[in-house]
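For reference, the structures are reproduced in the following blocks.
Shared between the two complexes below is chain A, which pairs with chain B and chain C, respectively.
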Partner chain A sequence: MVKYIKLLGVFIRASLLTELEYRANFIAQIFLGLLWAVVVWVSVLIFFAHTTTLGGWEYAQVLIVVGMFSLINGLIECMLAPNVKRLIEMVRLGTLDFVLLKPVSSQFMTTLRYTRFNGIGDFSAGVLTIIYAFGQMTYRPSLEAIVQFACVFLMACLTVYSIWVFIATASFWLVKVNNLTELFRSIYDTGRFPITTFQGGVRFFLTYVMPIAFITTFPAQAFLGKLDAATTLTSVAIAAITFIASNRFWNFAIRNYSSASS
Partner chain B sequence: MLKKYPTLLRASWALMLEFRGEIVMWMMSSAIAFVMLLVWLSVAEANNGVVNGFASGDFITYFLISWAMRNLTAVWASWEMDAGIREGRLSPMLLRPMHPVHWDISQNIAEKALRACLVVPVVAVVTLFVPGVRIDWSISTVLAFGLSLVGAWFILFWSDYLTGLFAFWTSQVEAIILTWFGIRLILSGMIAPLAMFPASVQTALYWLPFRYTNSFSVEILTGRISGGELWAGFAIQAAWGLFFFVVSRIVWKIALRNYSAVGA
Partner chain C sequence: MSQIHVERLSKHYQVHEKEAGLGGSLRSFFARKYRTVKAVDEVSFDIQAGEMVGFLGPNGAGKTTTLKVLSGLLYPSGGNASVMGHVPHKRETAYLKQFTLVMGQKQQLMWDLPAIETFLVNQAIYEIPKGDYDATLKELDQLLDLGPLLKKQVRKLSLGERMKCELAAAMLHRPKVLFLDEPTIGLDVTMQVRIRDFIAAYNQRHGATIILTSHYMADVTALCERIIVIDKGKLFYDGNFRELIEKIAPYKILKLQLSTHAISEHFTEYGKVESCDGVTVVLHVPRERATDTAAHLLTQFKVNDVTFEDPPVEDIIRQVFEGNRK
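Presenting the complex of A and B:
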């Protein structure tokens, strides 16, 4: 475990050193991230010109969800999307074999190897949005709320990671998994709104089938000190189940993988 | 030149058929309209069914046509230009006895035909089976809608082509394309009916190009615009289309004069 955390540190440092070679791109990515955060913010703000609450959430509270949405989107674009893109290439060219020979978990090595600056602007915008939202409220999170948030947020990250492992693994069978990442992004777009905004079947789907609610709404709710213990425990369960299932799926794929180079 | 188009279109159609999977994927990225629709429906429900004069059926109709418009006017010539200059693919195109833009136009038309195969059935099914959807199907309205669709495409294509031309000077064209798209997404009516914006913003949008790339056509087909307003709208649309066309022609000429190709 310690070895993996150290390795992750080395991976991130090495990738960032490479990225810093492209300064114009770095600035463009920050600009784009901030711009995109504004687009997301306006798409939520427009509703508040005609209503005072969205799914029972007030404006400042919704901003916490918006912030979580941008923040996690930034993490996806920085850490997960570049690796899935590269994995597709490796399967196509047969260079995945070199990764499989290394004495570390192949899933770890392929899904977390490269970090890009693509989402750095979204990430920063997300953090800024959350700070701004708390500035608009008199509420201050208690220590208990912060601990609960940390737990649910960690579980959200784990869930997102596992979903992306599923998408990445599909590339062993489908050469064009772009369709799947695009599908995920379309569904993830709902995450900028509190889950209670959606009704019936859509809400059920976004909570239990594709657990977007556990990624943006529930961490925000924990921060606001309004998340019950049952949902907190469910978030742990969902993260654990998706993580174990995605790992099984990965191992199954690797066992059945006959390389393009052999 | 027009004589070349049948051949160009045939080749483009064959090319686009190869990309049918990708086209479905690109269409998926317009699903945000559906998400916004769900939220508006939930807001309408919480406010006795009507928001700013829009009932649930009006929202469904609006986003249905807006989504169709977005798909029938999608442009990407700028991405091709960026890649073409970076990879040196533009140079052989310049040697051909026709302007490279004709290839972009014919590909775009072929891709529109392919997208229409998905858009038209969706519009038909929703109009027939979802209660509350109201579209004005009178011949004059449909003709006006068709004209506005072509006008919208014209503005979008030439403004997109113009952003692509920045590739002659910078390697960060992607950022310019996405910035233009982000602004367009909000201001053209793709994420919310423009009637929901504050009055001052609406006044500004009356004169800016964005409304005429999406919302204007939706307003026509839902019967929210007529008479003098309609003609004024067409005039502004035509003016912006002409503006982007002329500017991109001029910039193209300047760009070519300074161009030294990759691989030369």
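Presenting the complex of A and C:
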């Protein structure tokens, strides 16, 4: 475990050095990220120009969901999206061989190897939004709420990671997975609104089939001290199940992989 | 027990065949015809610690496939292999830390960064202690003359410079077994010699076991006493390189420069006359009689110059393959 945390540090360092090789690109990416975050914020403002609550959530509370959305979106952009792109390339060129030769988990090596910094805009916009939202409220989270939030948030990250591992693994067969990542992103886009905004089948789908609710709404709810113990435990279960399943799927794919021609 | 043990190893692929054109593509979309390709077919051999063995064979003979099975990248379809007591395809950490695979046509160096950054990543991956890392890097620098190359972005290096860095990146963990697949491909002669010297030096210093494949016969001639020849997945020679040459080509090439004219009939009793233009005569003389023949010729004719040569290895290997195909 310590080895992997150290390795992640080494990977991020190398990635940062790579990004800094292309200065203009680096700055442009961060700027773009910030711009997108503003767009999300404005869309919420437009909603609240017409109403005072959204799915039972007040303006400031919704902002926490929005913050969670941007923050996790930033993490996806930084840590996950670039690796899926690389993996497709490695499968096509056969350089995945080098990964399989290394005495490290191949899933770790491929899914967290490259970090890009274009998500930093989204990420910091998310953090700022959450801080701003708490400024608009008189509510202050108790220690218990903070611990609960930390747990649910960690599970959310693990769940998102596992979903991306599924998408990445599909590239062994599909070679082009752009459509899959786009599909996930458009479903994830619903995560900027609290899950209670949605009704019936859609809500069920976004909670249990593609667990977007566990990624943005529930962590926000935990922060607000309004998440029950059962949902907290469910988030742990969902993270564990998706993680184990994605790892199995990855290993299955690797077993079937026969490297491209020499 | 030998360090590399391969017994009746097979690797078969299912490939689907497609006829040309749209019609063919459509047909193969709905009903694929599969064909089994025997990339490696019941190959057996043993290699002792510290040996340097050359893998020879034409393109598609199964050399790379064999190396990939030994590296654990491919599951064998049949038979078994063991390297340093490990079963390669299990890819145990203990095994992965002890060998390296260098593929001349693929690169692991990070393209946009100086090679030293890839080295640092590998140091972390292989958990190489700082002291060992520094010592190994110093030694590699000395053997390969890396010096300023390490600080230049990989994309700005020449092919030869990049290959030196690739080799170094693959050696940082001091592997005991080296699988080198075409390490000199595309390099000029000077650089080929450089890489060759490095391989020989590494083998001597660390007693590493090396399997080498190369299209350049000179690499194999210079480095390997023993060769394994495979073609179409089948092994058909495993043994001493010199012995093979003596078996396939039991003659030496004798070149004479005469100061007076002579005709080819004068030489038929000494061996096979390859060419004779009056002053230059090329003869194939049986190996064991080569020196006697030369001595005799010197007394019979006015000879300005005489040279002995071994037949070119390329020709010998070609003869081996042609013999095999018949």
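One rule holds for everything that comes next: the second predicted complex is superposed on the first by the 261 of 262 C-alpha atoms of A that agree within 3 Å, B and C clash if a C-alpha of one lies under 4 Å from a C-alpha of the other, contacts with A are read in each partner's own complex, and residues count from 1 in each chain.
Assume a contact is a pair of C-beta atoms (placed from the backbone, for glycine too) under 8 Å apart; a residue touches a chain by one contact, two chains touch by 3 or more.
Just so you know, these numbers come straight off a predicted model, no measurement behind them.
Clash-free side-by-side placement of chain B and chain C is the outcome of superposition onto chain A. Which of chain B and chain C touches more residues of chain A is settled by the count: it is B. Draw one line from the C-alpha centre of chain A to that of chain B and another to that of chain C; the angle between them is 100°, to the nearest 10. Residue contacts after overlaying the shared chain place A:Ile244 against neither chain B nor chain C. Contact with neither chain B nor chain C is seen for A:Ala150 once the two complexes are overlaid on the shared chain. In the superposed model, A:Val209 lies in contact with neither chain B nor chain C.
Of the two partner chains placed by superposition, only chain B is touched by A:Ser186; chain C is not. When both complexes are overlaid on chain A, the residue A:Leu17 reaches chain C alone and has no touch with chain B.
Contact with chain C, but none with chain B, is seen for A:Arg255 once the two complexes are overlaid on the shared chain. The least CA distance from chain B to chain C in the superposed model is 13 Å. Partner chain B is touched in their complex by these residues of chain A: 24-25, 28-29, 31-32, 35-36, 38-39, 42-43, 46-47, 49-51, 53-55, 176, 178-179, 182-183, 185-186, 189-190, 193, 197-199, 202. Within the complex formed with chain A, the residues of chain C that make contact are 13, 64-65, 68, 71-75, 91, 93, 96-97, 100-101, 103, 105-108, 110, 112-113, 117, 120-121, 124-127, 153, 181. Of all the residues in chain A, the ones that touch chain C in their complex are 3, 6-7, 10-11, 14, 17-18, 21-22, 93-95, 97-98, 100-104, 109, 255, 258-259, 262.
Chain B contributes residues 21-22, 24-25, 28-29, 31-32, 35-36, 38-40, 42-43, 45-47, 51-52, 170-172, 174-175, 178-179, 182, 185-186, 191-192, 196-198 to its touches with chain A in the complex.
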